[in-house]
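Pasting the structures in now, so scroll down.
In what follows, chain A forms one complex with chain B and a second complex with chain C.
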Partner chain A sequence: MAARMQQGGRPGGGGARFAQFKLVLLGESAVGKSSLVLRFVKDQFDDYRESTIGAAFLTQTIALDEQTTVKFEIWDTAGQERYKSLAPMYYRNANCAVVVYDITQASSLDKAKSWVKELQRQANENIVICLAGNKLDLVTEQPDKRAVTTADAEAYAQEANLLFFETSAKTSENVKELFTAIARKLPIEQASQGRGARGAAGRPGGVDLGSRQEPGAQGGASGCNC
Partner chain B sequence: MSDDQSAGADIQKSSDNVSATGGEETQPQAGSVNTPKHDGQDVGGLERSQELTPPPLPPRPRLEVNGRPPTTGAGSFRLSKRASRPQLLSQATTAVSLADVHTQSRADFSSNPSSPASRIVSRKHSLSHFGKFRGNSDSGGDDSASLRSYAPTLDARLDGESLLGDVPEQEATPAWRALSAQLEHDDPFDNVLPDLDLFSLQMQHEFDEVCAVDAEGTNEEQTLGTWKAKLKHFFILSASGKPIYSRHGDDQLISHYIGVAQTIVSFYQGADDPLRSFTAGGTRFVMLSKGPLNLVAVSRLGESEAQLRTQLESLYMQILSTLTLPSMEKMFSARPSTDLRRPLEGTDVLLDGLADGFTRGSPSTLLSALECLRLRKTHRQTINDTLLKVRAPNLLYGLIVAAGRLVSVVRPKKHSLHPGDLHLIFNMLFEAGSIKAGGGENWIPLCLPGFNNTGYLYMYVSFFSTSEGPTNGSDERPSSAGEDDELAVVLISPNKEGFYELRKMRDELVEQLQDNGCMNVIKTAVRKRHAACSDIIPGTALRHFLYKSRGNVQFTMPSFEPYYHGLAARRKLMNLYSSMHESIHLKTAHLKVQHCTAQDAAALAWETPLFELYCVAGPQATKASLAHGANRIVQWIRREEERVFIIGGAVF
Partner chain C sequence: MEEIAPSYDLVVLGTGLTECILSGVASVKGAKVLHMDRNDHYGGASASVNLETLFKAYPNSYTPGTEPWKKYGRPNDWNIDLVPKLLMSNGELTNILVSTDVTRYIEFRQVAGSYVQQGQGSRATVAKVPSDAGEALRSPLMGLFEKRRARNFLNWVAAFDEANPSTHNGMNLTQATMRQVYDKFGLEATTRDFVGHSMALYTTDDYIDNRGMAKNCVERIRLYVNSMARYGKSPYIYPLYGLGELPQGFARLSAIYGGTYMLNTNVDEIKYGADGKVEGIKATMKERGEAGEGFKFETKCKKIIADPSYFPDKVQVVGHMLKAICILNHPIDKTDNSDSLQLIIPQSQVGRKHDIYIAMVSSAHNVCPKGYYIAIVSTVAETSANHHLELQPGLERLGKIEEQFMGPPIPLYGPKAGGEADNVFLSKSYDASSHFETMTDDVRDMYRRAEGQELVVEGLKDGQNLVAEE
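== the complex of A and B ==
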């Protein structure tokens, strides 16, 4: 699995836990996937952002508590239809997914629902999915712009067993919260233990045949973070 | 250091050869220099007083008669053969096959196998149709006015000439009138005041967005005015007339014009005599039909048909790069009325980037060549070796690109890189902001039509800034802070799943380049930017030059500063280069050396089988000083060849 942890490599001493997870963002074009990521990773926002070409790969680390650090490897995919056939490549080994829609565009929620369906059918069975209704700032200014009510989206999220947030990449409202909530739902303990058991094989001197073949774990092959 | 000396010795040897055969010959002799002063070749001389100047003469016959007495012409020709190193032609080129050179720079001619004579015939034929069409369209309101003056310029002999020379003063567009007015100053290149003249103003607003017409249409007239004021338009429409792309204006605004374009294009297609181009006043229209697409360029910048056609080809390649040819053809054969904007969604920035590059005027596009970062041979060799050492098994091409210039390239022996493909990649990296601004790594499926227009390749891109010290650690990708001091590692693989493999290669590459010091070398070279012309050749009269090595399909140039500051001044310089490029590359021209003087500049173009050189000096520069400068450049290149060009590259 893509999730893994390294022990003792971080400052903070013996009890520290570090786990790495693969996260994929999906959703219709122009709903704000890249803006959410940019806000999360760099705490920046561009009013005008060009469409993502292909997919972008970024990383961000968050501390859940004093002992626990979670690193996200984020695949920010392009929303255009023509890239759809590539999506499985990005969600195949993902531990978590953020499916984004635009709360001022009802059709974007339909698209989000179809992504959720696809993920639940094809991705990891334990994948943590979060539904994000973005562009909250637009309806704060002009409430009549809202096309998807919070209640409707929330009801759907509950029914499909998803985390749910309404976010604004522009004002950064709920962005950090969203990623933190995902991190809390991820099996950190399990990932740490699982990786810990395999850790010996991953270290120099050991021969690790399994993880090198797996694209999701490739980062581990190029060395740990120490 | 020792390497440099040996390189120096090498060059010494070759220059010995030259001097042994007679140093006299290294000058392009004044006698062999053509001086087409009054025949419309001097694009710089926009201002043309009607009383004083005779009507434009057909340029070519005059040049043939006057300019190339066989003896002197041969003199300068022989010089070039000896002065440079012919064997370079047979070496592996960096990236690009020789065949590409010709298909690119002569795209127009290769795609039109008919002789000039037959072109004239077909033009006359078209003209009669055109007359009919015009009759019909006269009732169509004020738009027909723009078609008014097609006839005088539909002479094939004037084909390659800049429109500017032909256009009587009254007919010129306001922009060009303003440009001409500006030329009444002694030396506009010296004292360009960017805000004061209309051309600069228009150039400045050329890339502004045309706002949408509001619901009531209250601002329609104003919007249309803004739209019409653009100096250059590109349209792409499907064979069935659906708009696919327009550089300026939204659908509502352009729909009439798309309709007109469609009518004109299909009218001639129906008659089995496709319309290639026509002019109206100072505006040139060029059409390109490619399978299910029609592409139209409308330019008031004085570009030639061949140049505009190359630009349209490039836009077409961008579309193929997004879709691949088979999938586009499939869409249209399944449904001829397909709206291609949907599958192309999000690529407007790439098309805009290309279009604006053409409007600004780019040496790279004009010469169909690439520019390299100037590096010592030993450093380049180390970088090449490093690239080969860390090469991932599934790598097809690897590039290191700094500030839009190529640092190094790694490629398989049997696959060269097409300059058109590289242009698309560079455009994606440096013109479209999304990759750079993303601040991460990117994994991009794209089709490189020059390599293979039927399938996708996958491109790994990682940017890093060159402004501050070494990048720390391989894990955190630094954000993109600077504008064009960016360094990018571009790795291309046919393997869709190859991201992590190429990422690993990138990490190893960066680590090794840092260890062996090359990363700092590259960063220093990037920060140095272009040298001024006077630094390259101290005391020269030259202000700027373009030198293209044909064998390497690369060019080099000095800084635009201090003489060509700002968009308008650069565009005017590029116009001068374009017109020289055009007259040298016309099939009927047979020019080897061309000297032209205008009120604002004196220029020299010099072509040999090994290189093309275009240099520009102030208007007072004499022919001799231009020729002297040109020779000094050639000498400088000979000395620096392996620094300014990538020769061979890393081949596996």
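== the complex of A and C ==
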């Protein structure tokens, strides 16, 4: 799906803008990808959640200002990253990606770097990538647990042209900030001037098989951007 | 590498569509599933491949050392199906996709037309398959009186209700042959031909005199008509980016419900217990070109589901299919410039026993760059030599062909045994039919053999109780 866009849908909205983007998560297993999504979408955290089962297809909306709403269609890896078995379907038409590492595990940053490379090779040219150093709460409690310095990660992010945050899915520190920063960097204006492609059902010959409910749909979406 | 669990309820080998649906269903129902494939990609025989991969899969199609794919743009803009099939929009695969919510990951688009050829060579006409009684009246396929008879027949099929004898027109369909039904409506041979082959989608004429097949035939025509009625242009739909999206979508479903996925994994040994039933599996995961031994592991399992290629000793050849994948830079003549279609050349029109099918898709389904068309011509092999001649009537329909990929006849395999004895349940190869109805029959049949009960997909998504859901 290309960015999906609806313009001026709300009564009295004047120049209200609404755009939907596909966001994918990548990174080594157990760095907290699913936990970040759960925090962002449900504002929950679970220490003992069986790793991975869950967050499959989620949406969350961010209001950037009174006029502008961005909706993320979030794809979690569903654990298929564990043995390097992610399908091309996963990357296809992703508008943005959060590449996660664990700041207490140095090797997880190396993995993150290789995912960034993979994205730059496989995904959309204009994909917005954000690097997230997760589990910040662990080093707040015990500073000697830190294995990746902020400066090192930041330098890499700058060099590779990535957004960068250190986050904690547990305390929610910087989680909302991260997704908001991505939303701000997405080409909303461009999407709003697009042809308003809204998935197969919206284009000529496209069919709606009658099942694309989107939990959490809000804003000006009134069901037609399915 | 992360450790593999010591035991699984089910190990699935091969990520073709049949295996991925069964894996997904098993995971949703709570089974602990380990799903592996020896290849570095999903889909097995039902994958869609890029143009470079396709050329390399047919080494005879180009001179070694050259890179003919380069003149067709970026290889990754091509998603070329290895099996020539389309989805019936009211068929069972659509039902499974909707019931499991896999439609969330895949977008579908209509196939623009459904055509049938009458006559041969330069005198051949190509016409739209009439989709209902009204269209039958306008069809150039029939003369005036025949149109009326065809309309009566199609109206009867549409009204047929097994539970209501007054709709049976005095026939007992479970006893009657289709010939008796055709005779009753006085249909001409050519009409029988397109009804049986392009609506009921029989690939041979064997159905006509088969006692009891009349009901099956009526059901197939109804499926065609109802599929046609759903979106209007043809009874078929097709996924954006190719059929290879289907196994990926069901694999994702399985993973979301806890299924573990491993590509690049070779089976080293299958272990059986004293009772002859499978007990476990040894395997090695190793990427191509990766140094060292790879990641070796062993795990216990109660059952295995696999495609025929993983158990060559437990399968037999049940037929041969012929297939030519062709790249065109124009639509097919006499098909209203359709960007996608099925065209059937009934056997009787070209002196064969089996129909020739053409399935064509294009950039409208994001399977190739603008201006190109991918047409697959296929049939069941009837001779033991000169197979290209068997496909000739189909290739002629295509006009100028930019590239043609054709190998030797493709053996189709089926399991020798049901699998209850060793708990190894094997799928069938994808057959020569133009749609997925026989594949979903196989899914249901395998589920019945493996689980001892009927597969019910309705309501599967209602059982979803994910963190993700409201």
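Note that the second predicted complex is superposed on the first by the 178 of 226 C-alpha atoms of A that agree within 3 Å, B and C clash if a C-alpha of one lies under 4 Å from a C-alpha of the other, contacts with A are read in each partner's own complex, and residues count from 1 in each chain.
FYI, a contact is a pair of C-beta atoms (placed from the backbone, for glycine too) under 8 Å apart; a residue touches a chain by one contact, two chains touch by 3 or more.
Worth saying up front: this structure is predicted, and the values here are computed from it rather than measured.
Contact with both chain B and chain C is seen for A:Leu38 once the two complexes are overlaid on the shared chain.
Applying the stated contact rule after C-alpha superposition, one finds that A:Ala78 touches each of chain B and chain C. Contacts of A:Leu58 after superposition on the shared chain: both chain B and chain C are touched. Once the two complexes are laid over each other on the shared chain, residue contacts for A:Ala106 go to neither chain B nor chain C. Residue contacts after overlaying the shared chain place A:Ser29 against chain B and chain C alike. Counting residues of chain A touched by each partner, chain B versus chain C, the larger count belongs to C.
In the superposition on chain A, A:Ala87 contacts chain C only, with no contact to chain B.
With the contact threshold set out at the top, residues 29, 38, 41-42, 49-50, 52-58, 78, 80, 82-83, 89, 215 of chain A are in contact with chain B in one structure and with chain C in the other. By the touch criterion stated above, chain C contacts chain A in their complex at residues 1-2, 41-42, 89, 94, 97-98, 101, 103-110, 112, 230-231, 233, 237, 240-241, 245, 248-249, 251-252, 255-258, 260-265, 285, 287, 364, 461, 466-470. For chain A in complex with chain B, the residues that touch the partner chain are 29, 34, 38, 41-42, 46, 49-59, 74, 76, 78, 80-83, 86, 89, 215, 218-219, 221-222, 225. Interface residues of chain A, counted against chain C in their complex, comprise 1, 29, 38, 41-42, 44, 49-50, 52-58, 78-80, 82-85, 87-90, 92, 199-201, 203, 205-207, 209-212, 215-216.
Those residues of chain B lying in contact with chain A across their complex are 322-323, 342-343, 345-347, 349-350, 428, 432-435, 437-446, 459, 474-477, 479, 496-497, 499-501, 503-504, 507-508.
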